[in-house]
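There are two complexes below, and they share chain A, which is joined by chain B in the first and by chain C in the second.
Moving on, here comes the complex of A and B:
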């Protein structure tokens, strides 16, 4: 589904992605973790070419993203993206946020787009908030609307860029629940997150990045419990500084 | 004469408001375009038309512009009885559009880059990003200064008296020189300017209220 072949990226002199090789198959859930500045978000954003790569190639669903002949609009329509700060359109209601792209890009009629939007709002538990504007929604609600907005395009791949980092602790779970059910339905997902509990429960593989490089790829227990690399061990021990919390969450 | 003056002033106001908003929007899209030549032309436009007095442009379109056209066209324009009004509309439009575009540009700068990214990542084309995501937010954000600018443009219609477009200020001067009843005519004109400007301000305030989105204005839908 997604294949990175020796992808490299520089921001001016800074080498932010170093020789990335990664293959993600259909239906797989990949969690990318690592310290800040490691290039996790950048890696994610290269998949729909919000950030172009400078060297190498990325093949997404058969489309070569560096090829100038690739129709970027078509590529992006197949890839849903959820951002850390939700970024709903502030001048549109929840339902209008969701129906905009399906109507304009997919050419759906207003009625069909709204039916689909309502179904998705129901799915994220917000059908009663359809006419609310973003400022009238809590952070968790906004992020769930943002997820519904991405899903309305019926994408083949969903990208999540720290979807819970800007949320109050109490609101994180409602968003993670939506993501978990999405993973169970077989959606191909690439998730940048620090939610180790979510990663353990849902991820097929975990990618650990540091300083622009992929240090380790493995199953959640491999990375979280038995990491090989010194840097991974260091990072994990700092993440599990409060182990009681993540364990009690697991049992719930 | 006063009635005709009011009529012409209203025509100038309505026409230039519409054309300068349209032209200003096109210019601002050029100025924030990623295509260098468009950006350059847009910036050049603003620098030329904003830094030269509006009165100059009105005179330009009346006296100079017909000379720049092929002889027969120019003669036709000069002979056209409504040409002063048209020249006035052109002059006011190019002047006001430069301010409009700069005000809208400040609105664009106030929109977080992420809005563009979201629109882009959902597959919207550039034009669609502007139409549905960026422009509506730009107009909302800049409504107060934009409104002030439109009132300013309204007052500028009086400059068209310089090319004897028969608008209100020109009419009062005519009345003064023909009948010496300048006080009456000027008082009526003053009243008209104040009233219409107040109406414009009221409309803008209503529009602001109407477009305002806040936490309390939530219409509770059927759960």
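Moving on, here comes the complex of A and C:
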């Protein structure tokens, strides 16, 4: 579904993506984790070409990202994206946020777009908030509307860029629940997150990135509990706040 | 005061100038000049401001040059250029009215360009990314997402610019346009004893129009700024921002130095 072939990217002199090779198959849920500045978000954003790569190739659903003949809007219509800061349109109500792209890009009638939007709002548990403006919604509600907005285009792939990082702790779960149910329905998902619990429960594979490189790829237990790489161990122990490999465990 | 009331016999001249015996003038001409200058410069200014954002130097640089040159030039220079110098360069003859309209438009376009540019870049980048990521084209994102938000951001700047442009139309009296200032000067010269009354009448004329404009604009802001009602409270007072000693209540309950209490 998504294939990175030796992808490289520089920001001026800084090498932010170093020789990325990664293949993601249909229906797979990939969690990308790693320290800040590791290039996780950049990697995610290259998939729908919000950031172009400088070298290599990414093939998404048979479309070559760096081919200038690729229709970018068609590519992006197939890829939903959820942002850290929601990025809802503040001048439009929840339902208009959702119906805009289906109407303008897919050419749906107002009625059909609204039917679809209402179904999605129901799915994220917000059908009673259809006419609320984003400022009137809590962070968790805004993020759920944002997810519904991306789903309204019926994408084949969903990208999540730290979807819970800007939320209050008690609002995180409502968003994670929506994401979990989405994963169960078989959506191909690439998620940048620090929610280890979510990753353990939902992810098929976890990618650990550091300094623009993919250090390790493996199942959640492989990465979180038995990491091979020294840098991964270091990161995991700091994420879990307690050293995972305490001396007592090693003696056992 | 009696003298000021005496100006009522001249009110027609203040409002419409020598019309119908001559061209329209007075306060109506100030309004007409403002409206014409705004209409001519609005599209041009918006295009300039938009193009100024381009990364392509051959688009950006000419726009920047125009904006920076005009903004760094006094309006009166532009008026002189259009009235005296341009006809000298290209030949032909410029009427005072067309020179006034053209110079005000040139001047207004540069300022409007900056307002448009600032409005567009004030819309958070994430908005464009969100729109693009749902498959919308750049054009569609601009039309449905960026510009509607940018427009709301621009309203206050536009209004204050329109008000100041209206006041700037007084400058064209220098080439003999009989607008409110010139009308007042003519009247004051007719009867030098009542000079102060004439100048006071001019000020009142300008004030009435400017005040009405800002008042209407405030209502417009409240109406279209739906998503951000909190930030639009022009009447709010904030004593905590004042670098003044805090208000003290004396024992007798007499409040000292009450300028305006912060509304909580």
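Quick notes on this structure:
Keep in mind that, in the parts below, the second predicted complex is superposed on the first by the 241 of 252 C-alpha atoms of A that agree within 3 Å, B and C clash if a C-alpha of one lies under 4 Å from a C-alpha of the other, contacts with A are read in each partner's own complex, and residues count from 1 in each chain.
Keep this in mind: a residue touches a chain if its C-beta (ideal position, glycine included) is under 8 Å from a C-beta of that chain, and two chains touch if they have at least 3 such contacts.
The structure displayed is predicted, hence computed values, not measured ones.
On the superposed chain A, the two partners chain B and chain C do not both fit; they clash. Residue contacts after overlaying the shared chain place A:101 against chain B and chain C alike.
Judged by the touch definition given at the top, the superposed model places A:128 against chain B, while chain C stays out of reach. Applying the stated contact rule after C-alpha superposition, one finds that A:73 touches each of chain B and chain C. In the superposed model, A:219 makes contact with neither chain B nor chain C. When the two structures are aligned on the shared chain, A:138 is found in touch with neither chain B nor chain C. After overlaying the two complexes on the shared chain, residue contacts for A:149 are found with chain B and with chain C alike. Once the two complexes are laid over each other on the shared chain, residue contacts for A:83 go to chain B and to chain C alike. After the shared chain A is superposed, the part of chain C among 182-190, 218-226 or 236-244 that runs into chain B is 218-226, by C-alpha clashes. Common to the chain B-facing and chain C-facing surfaces of chain A are residues 48, 50, 73-74, 76-77, 79-81, 83, 85, 87, 89-91, 100-101, 104-105, 133, 135, 149-150, 153. Residues of chain C touching chain A in their complex: 124, 126-127, 129-137, 140, 144-145, 148-149, 152, 226-228. By the touch criterion given at the top, residues 48, 50, 73-74, 76-81, 83, 85, 87-91, 100-101, 104-105, 133-135, 146, 149-150, 152-153, 159 of chain A touch chain C in their complex. By the touch rule above, chain B contacts chain A in their complex via residues 112, 114-115, 117-118, 120-125, 128, 132-133, 136-137, 140, 213-215, 218-219, 221-223.
Chain A makes touch with chain B in their complex at residues 48, 50, 73-74, 76-77, 79-81, 83, 85, 87, 89-91, 100-101, 104-105, 128-133, 135-136, 149-150, 153.
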